Amino acid sequence: MSDFISLSSLNIPSLLPMAILVFGALFIICIDLAVKNLNRSFYTILSVLFIVLDLGVLIGYNGASRGFFDTVLVDGIAILSQCIILIASAFFIPLSLSNRHFKEYEMAEYYALFLFMIVGFQFMVSSDNLIVIFIGLETASLSLYTLIALHNRAKAFEAAIKYFTMGALAAGFFALSSLIFYALTGSVEINTIEAVLKEREFQPLSAVLAGTVFMIAALGFKLSVVPSHTWTPDVYEGSSAPLAGYMSIVPKIAGFVVAMRFFEMLIASDIIWLEYILYGLVVITMTLANITALVQEDVKRMLAFSSISHAGFVLSAILIGTTQANAGLFLYWILFMFTNLGAFSMLWIVRHKNNLWDERYQHPFSKFSGMVKLMPTTATIMGVFMFALAGMPPFSVFWGKLYLISAAVNSGFIYLAVIMVVNSAIAVYYYMKLMIYMFLKEPVANTSAVYETNASTTLKVIVGFATVVTLSAVLFVEPILNIVTKFVILSGF
Amino acid sequence: MEKYLYIALFAPLVGSLFVALFASRPKMLFTGILASAFIGISMIASFVLLFHVYNHEPLHVEMMDWISAGNIDIPFGFIVDEVSVIMMVTVTLVSTVVHVYSIGYMDHDKSFNRFFTYLSAFVFSMLILVMSDNFVGLFIGWEGVGLCSWMLIGFWYHKHSASWAANEAFIMNRIADLGMLMGLFLIYWNVGSLQYSDVFEAVKTLNPALVGTIGVLLFIGAMGKSAQFPLHTWLADAMEGPTPVSALIHAATMVTAGVYLVIRCGEIYTIIPQVGFGIACLGAFVAVFAASMALVNNDLKRIIAYSTLSQLGYMFVAGGLGAYWIALFHLMTHAFFKSLLFLGAGNVMHAMHDELNIKKMGGLYGSMKATAILMSVASVALAGIYPFAGFFSKDKILEVAFNEGAYFLWFALFIGAGLTAFYSFRLVMLVFFGEKKYGHELHPHEAQPFVIYALMPLGLLAAISGFFEHSFREFTTRLLSDYGVHLEHHIEVILIASTLGIAISGIAFAIYMYGKRGGFSACWEKSFGYKVLSNQYYIPKLYEMVIIKPFGVASEFMWKKIDVKIVDFTVDLIARVLYASGEKSRKMQSGNLSDMLRWMIVGIVILLALAIFYRPMV
Amino acid sequence: MYEIIAFYTFSALVIGLFGIVVLSKNALYSMTALAGGMVFISGFFFILDAEFLGVVQIVVYTGAIMALYAFGMMFFDTTRDVKEDIRCKKIFYTLSILSAVLVLIVLSAPIFSANIEAIYPTLEGVGNVQTIGLLLFTKYLVAFELAAIMLLVAMIAGIVLVGKKLDAQSDDLEVAKELK
Amino acid sequence: MIGLEHYLVLTGILFSIGIVGVIRRTNLLMLFFSTEILLNAVNIGFAAVSKYYGDLNGQIFSFFIIAIAASEVAVGLGLLVLWYKKEGTIDLTSLQMMKG
Amino acid sequence: MDHMLSLIIFFPFVAGLLGFLVNKESIRSYGVVIAGIEFLLSIGLWIAFDTANAGYQFVEFSALIPSFGMSYYLGVDGISLFLVVLSTFTVLVSLIALNIDNDVKNLIIAVLFLEMTMVAVFLCLDVILFYAFWELSLVPMLYIIGAWGSANRVYAAIKFFLYTFAGSVLMLVGILYLGYLYFQATGVWSFSLPDWYLVQLPFNVQLWLFGAFFLAFAIKVPMFPFHTWLPYAHGQAPTIGSVILAAVLLKMGSYGFVRFSLPLFPDATVYFVYPIAIIAVIMVIYAAMVAYAQEDMKQVIAYSSISHMGIVVLGTFALNAEGITGSIFLMLSHGIVSGALFMLVGVIYDRRHTKLMSEFGGLATVMPNFATVYGIMLMASVGLPLTIGFVGEFLSLAGFYRVDWLVTMLAGSGIILGAVYMLSLYKKSFFGVVTKEENRTLKDLNAKELFALVPMVALVIALGVYPKPVLDTIDISVKKMIVLMEAKAIHVETKAFLINANSIGEVQ
């Protein structure tokens, strides 16, 4: 153990993206201490600016570099996923600038926690050290639980508690899994674990598999893989629409990156068992979520199941494990991000403080009945998002689906591809259900006013942006694909 | 000369289209006159063509291409040769008469204009049929006359029976058309062309069995149009149409299209005498079969219809036995006297206010002398009494049958001749002679003079056209293979005498029975034989029971049971199963935190168990 | 020998106490047992030459966490017997037994293998605390800082959640006024 | 000398106890106790492996797990307080507003 | 003229978008004008089309996702040219006859979007692009059926959408797999059809891919037993929806067979000729029988569509120029005829708000013009020579006769059964005496309806009398395709089959 550590060997820039946001969060808290009653718009914009700044720093990176005694790993997928996380955050935070005022958005802590959450995710994706991943995960999760609860409705509390409790169990699994791998290999770094396991040809196998099982359970919880998915609909329903939308994107991409780092080595080493298990999980997750989504009465819950299904769909990329599949994962998620951003923003826009349509649900399908007659543009845009989520060409998610299915086909997973498309066909029904309500039924409300109480210019701009991206996705696929493929190859997946 | 060809062909079309402009208007006299004039023009052109062909050579034009795809190349080509020109003349001549006649006959009909539209359209189709130089062109006309027949039978569409009969006619024809179409395909794929000239050239080299199939298939087409057994039922029902229609379509022209086809394809049928013989047998059968039905029927028009059927049988015997020119000759003479018979019947109907039951007529001779004479002439011609037209043509057919050694055919035709004579005069007697059986409120009157004048040419032709036999033979056999009867003279004489004898005895019997005795006894009408005959051998009932009803039931079954209950149900079942499994899987989402945690642990337990106990090959 | 006795004693105690935690109907017993169990767990740490951990365990767990729980318990008024219905007993027993058996099988599998090279070896002669400190502030500096952030988050979360701000019924606050 | 297996088995036993608790408990506070047991069980394991490998990573991991546990408690209790203020109970059967 | 095809595809789309700005009162005229211009554009395409050239013309190519081989690739040949014209014509005519007043703006915009997708499906040479428009065409149709249909419209719309969507997803897998095979063979990604035409595929691969494509096309056509969405969709759809559905959307399926299944998988096609022929025969007979049993006029025509499409399929799988050209021509004729028939049913529905045949009777007296037009269309539907219906039917059946006479005969029974149900429909509704009092006062066709129907009548006759320009253009491309199939086939038997099917020879 050397007493002398050179500063340059630390590779401080690798930590810069996180540092900026930590600074930002602290800065916000300090401002709150100094100046009371600052408007939410101030914090919102400030947060967005920090994120943009961060993004600016991040974009300069290209290529794998390690720092801080190898605890920080900035490789291609780390950069990519950080970009996704930051962009998603930059779009979801301004949703606080809705027409109505919500308590949580008036609190500086909300923004600070949000930024801390981002930091947590960033650490999660840019490290291959299980300790850092774990702490990053927990930082992000704890912030997220709090943010959910801050929505300050009974349902939000219920959601937060359910999420939290299951999260605690998942944390236990993560810890146990880490223990098993540590005991097997004496290391807590994924690449070392990989090396040692390979050297020993994955013996004893049952222990390796047991560790994998617990890791699947822990990450599966984040990725809402069946049967650890049960929290998803409840949490989405309980939290505010922006946060639900955020949850459908960011924690999952972080989870995917970890899963990618962790399972790729096992998949690559021909552990057929894992392949089968992942296969089963992918299929069950897609199918079960789709089937359950069919019978939902609330749009937000439906979207929750849909996002489970999408996650299952994307999980197949890890199963397939080729470069194309991994690139497809990111492509899919980027496109999915914009679409879901739009969909949840729309829900946020049409939010009404009273549940006028249903005692329990905020956004029952009947609420959207005949919307096209009252607000044709809104209904059309919502319809576009729905069809995009359904994988209807030529809207955004279709291209992701296309690329992923292609990856499956190319690697010989024909049956998987068939199951994937069949699931898309099933999924169409529930997306279409909303379309049917919006376009084919008679309106329930007399005026469009009830749909607009929360609409503000900011929200409209964001939705408009999401719409444009969703509609013209075909033009972005090529550049995104190029970048994504480059980074994925860079990090060796 | 092409000019005349086109005039002959398109004048009816022009007339039809022009009249069509007024189709939905109330009656306008000029439409009838105009249509008749156009047909008249066509007739004149046809005669010009006849002389041209007679003196020079056949005419062949190709107007334009029609269908061409792959190797198929079908033009609109028309040929005016010996056969088609005879057909043209016959068709246009009868048509002109019928048109003029219709002006009088349809006088009170509110759809006067429409009638002429259809009628002229029919003539056009018929001309296409006979003038085409290829099979598909023939098929155009074939279907075209079918369409016009449908429209005209169902002309009084408000009558259920009329529209039913129209549909029946169309559909039955379609059945036969399918056979014909198959024949065309077979020809096409074996020959590579559907032009008559190419086909007749090529069949000589083809496998005879194949040619036989072609012959049979084409004849199936002919059977439908010419209402041969078993596709004959439509013809009697077709009498629902206006009488001029029956005269033109269902006596003179359309129904003879089948015969025309056989004649036209003579070159095919000469290769396959077996098939020809089969045709002849069927023809002979129909000749007797239809005549027997005519014996007891009381419906004025149906009797004539059965008579037509019977005569078509004669023609097929001739055609089948290779005596094409004789068939064609009989076709022509038959056209004259049969249309005359029908048109006369139309006059009677008019006089009787659309009463059709001949049992309710009688003694009309007093009020309708001209009609009575014309119909009698026609009946005599039909019965085949010298020197009327029927004698020459029909007798020839009997000779042909005898000549071929098919004595049973001859015998059938011989019996048929007697029956024909009997029912013809049964009709004449019951309608025109005997006592009046109609009510006193009826005051039968003769048709307008111009109608009678219009019938005169037909009467004349019915009487004398037989004398053209030799020139006819000389003319048509330029194209058709000649058929000479080579019987010893005395046998020929005996044959003629016996035929004449049975015809005359038939007539005499009819006159005796209905003139003197006042008809058969009532117990005959209760006998089984009578019932069978008057119910047309129960064939329509059979069709109804065996085909129409089961088809309806089967269709209903297909729809209600198979389509809705099985096919569609399966599709819906998939959706319902998915939805139901959604409801099931929804229970997993109980909302209870403890359950949620347990699910996670269940997952772990299952995966761990798999990890420990399940080892696919690594 | 001493070690073995200590191990088995502590094991028995910890298992027993944790069993009470899980099975007791009384929240107070349960909590007390948990606190006791955690103290004894620190005993293992001392056996395993991880003094630093042992101390942290006692300080953090028994000192901080259990104190928090105690406060919580007072707040929730759960000192009395807790009425709990075990839902679906059959499932509960099967699941419990199955999971226990499986976890045990997995962890008792012969996973130990000798020739693993220590990456950060315990240094002979240097105190455990010292080494750990060294490691924490070099290798795990980032993790340490991150943990600090996490604790900060936890703190903020605790304050925000329990603070008065959230008491008001949010639905009433949601007034329709335009952005300023 | 106690073998590593002993510690691992102990870890297993304790972890199982924790899981049983998680399955069984319907009182949220006591449910949280069970999750603490899970983490503690793992901690023992880490310390033991660390000792037998002579490697300190395990101890560090344990240390961070303790930190995580502490943070979780803070947030968890905060949530529980909120819930209790709202509903007056911390039994998880009260959390059934959302289902289906 | 370089971007003629793009223009044709996107003109209605842009016009549809701008249509949002048009006032509600004027939108109807706007729609007609746009459709008219679009129709003129397609006619211009026909005029500019070089009929002697069998290959693709007006080709546009620009890479969209080059790394994945996907491009914006358009082209038109004889096979697709007339389907494009048919689409624009149908839309124009159905917009002229449009008789809906509520939310007409949305309807017209939806129809214009639909027009874009339809035209694009026929023009795309990039398979992914094709798939995109193929799927996209469902959306406006869903809206049209679901929003303006009759009582059970939502069910019908969902069924239509889900069924056809589900059917085509397997095709997507097929497409991707084929793309992969191409990649393997050449090392380059490409989804353009002309490129794919050059690849020979192993037989078993062909079988699977054929199956994947088949399902999508079969549902769209629709082939028995995948047809049950059609009666519902037609029965519930508004007139304009039925017209477009019958005239164009069904043709996408049969077009797919010609464009994809045949040239891409020649061996599999030959392998499956008989099974498909049997299905086609079942379609013809079964649908005709079911049509006969119907009580609803529109359902009769809906089932008759299935029956006719059976002959289209049969013609396609005759695999000779006669059959394929005939089947494409039959697509056109069926498009016009069934479109017109649906329009006619719409006319009567507008007046009486019922389509049950038992409610009518004697309409010929009350509405002579209507009856006349109906009669003409009916005759075209039963395939009377000199109407448009005959040419295609004749050629298709003639084509398949080369393959099998028995099947042809059974399918040919469609001309009998077609007459049966059509004539009985006509008899029930038009003949007889007027029984219902409310039928006595029905108005005959008005100017608008005549304006829409008369061109169709004219076309029915004109193309029946002189189909040559159309046939020739189709034929030349079809022949090229057959040559391609033959060249691509890997089995000797396949080649023999194709040669045999395309030559005159002794046939029983």
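Chains here go by letter, A, B, C, D and E, matching the order in which they are written, and residues are numbered from 1 within each.
FYI, a contact is a pair of C-beta atoms (placed from the backbone, for glycine too) under 8 Å apart; a residue touches a chain by one contact, two chains touch by 3 or more.
Everything quoted here is computed from the prediction, not taken from an experiment.
Colleague: Spell out the chains that contact subunit B while also contacting subunit C.
Modeller: A, D
Colleague: Greatest Cα-centroid separation from subunit E: which chain?
Modeller: Here the answer is chain C, farthest from subunit E.
Colleague: Quick one: most central chain, C-alpha centroids?
Modeller: E
Colleague: Could you quickly compare A-B and B-E and let me know which has more C-beta contacts?
Modeller: The comparison resolves to B-E.
Colleague: Taking each chain's centre as the mean of its CA atoms, which one is farthest from the centre of subunit A?
Modeller: B
Colleague: Suppose each chain is reduced to the average of its Cα coordinates; what separation in Å results between subunit C and subunit D?
Modeller: Roughly 5 Å separates the two chain centres.
Colleague: So, what's the distance in Å between the C-alpha centres of subunit E and subunit D?
Modeller: 65
Colleague: Starting from the mean Cα coordinates of subunit A and subunit E, work out the distance between those two points in Å.
Modeller: 43
Colleague: Roughly how many whole angstrom separate the Cα centroids of subunit B and subunit D?
Modeller: The separation of the two C-alpha centroids amounts to 96 Å.
Colleague: In subunit C, which residues are in touch with two or more of the other chains?
Modeller: In subunit C, residues 87, 92, 95, 99, 103, 106-107, 110-112, 116, 118-119, 139-140, 143, 147, 150, 153-154, 157, 160-161, 166 touch at least two other chains, as defined above.
Colleague: What are the residue numbers in subunit D that touch two or more other chains?
Modeller: Expected reply: 4, 8, 11, 15, 18-19, 22-23, 25-26, 28, 32, 45, 53, 55, 57, 60, 64, 67-68, 71-72, 75, 78-80, 82, 92-93, 95, 97-100.
Colleague: Give me the residue numbers in subunit E that touch at least two other chains, ranges are fine.
Modeller: Only 162 qualify.
Colleague: On the basis of the stated criterion, which chains touch which? Give every pair.
Modeller: A-B, A-C, A-D, A-E, B-C, B-D, B-E, C-D
Colleague: List the residues on subunit C that touch subunit A in their complex, please.
Modeller: Touching subunit A from subunit C are residues 106-107, 109-113, 116-119, 123, 134, 138-143, 146-147, 149-150, 152-154, 156-157, 159-161, 165-166, 168, 170-171, 173-180.
Colleague: Sort out for me which residues of subunit D touch subunit A in the complex.
Modeller: Touching subunit A: residues 4, 8, 11, 15, 18, 22, 28, 31-32, 35, 38-39, 41-42, 45-46, 49, 53, 55, 57-58, 60-61, 64-65, 67-68, 71-72, 75-76, 78-80, 82-83, 86-87, 92, 95, 97-100 of subunit D.
Colleague: Using the touch definition from the top, list the residues of subunit E that touch subunit B in their complex.
Modeller: Checking each residue of subunit E against subunit B gives 159, 162-163, 224-225, 227-229, 231, 286, 289-290, 292-294, 320-323, 325-326, 329, 362, 364-365, 368-369, 372, 379, 382, 384-386, 390-391, 394-395, 397-399, 401-402, 405, 408-409, 412-413, 415-416, 419-420, 423-424, 427, 430-433, 465-468, 471-472, 474-475, 478-479, 502, 504-508.
Colleague: Can you list the subunit D residues touching subunit C in their complex?
Modeller: Its residues touching subunit C are 1-21, 23-27, 29-30, 32-34, 36-37, 40, 43-45, 47-48, 50-57, 59-60, 62-64, 66-75, 77-82, 84-85, 90-91, 93.
Colleague: Would you mind writing out the residues of subunit C in touch with subunit B in their complex?
Modeller: Residue positions touching the partner: 87, 91-92, 95, 98-99, 102-103, 105-106.
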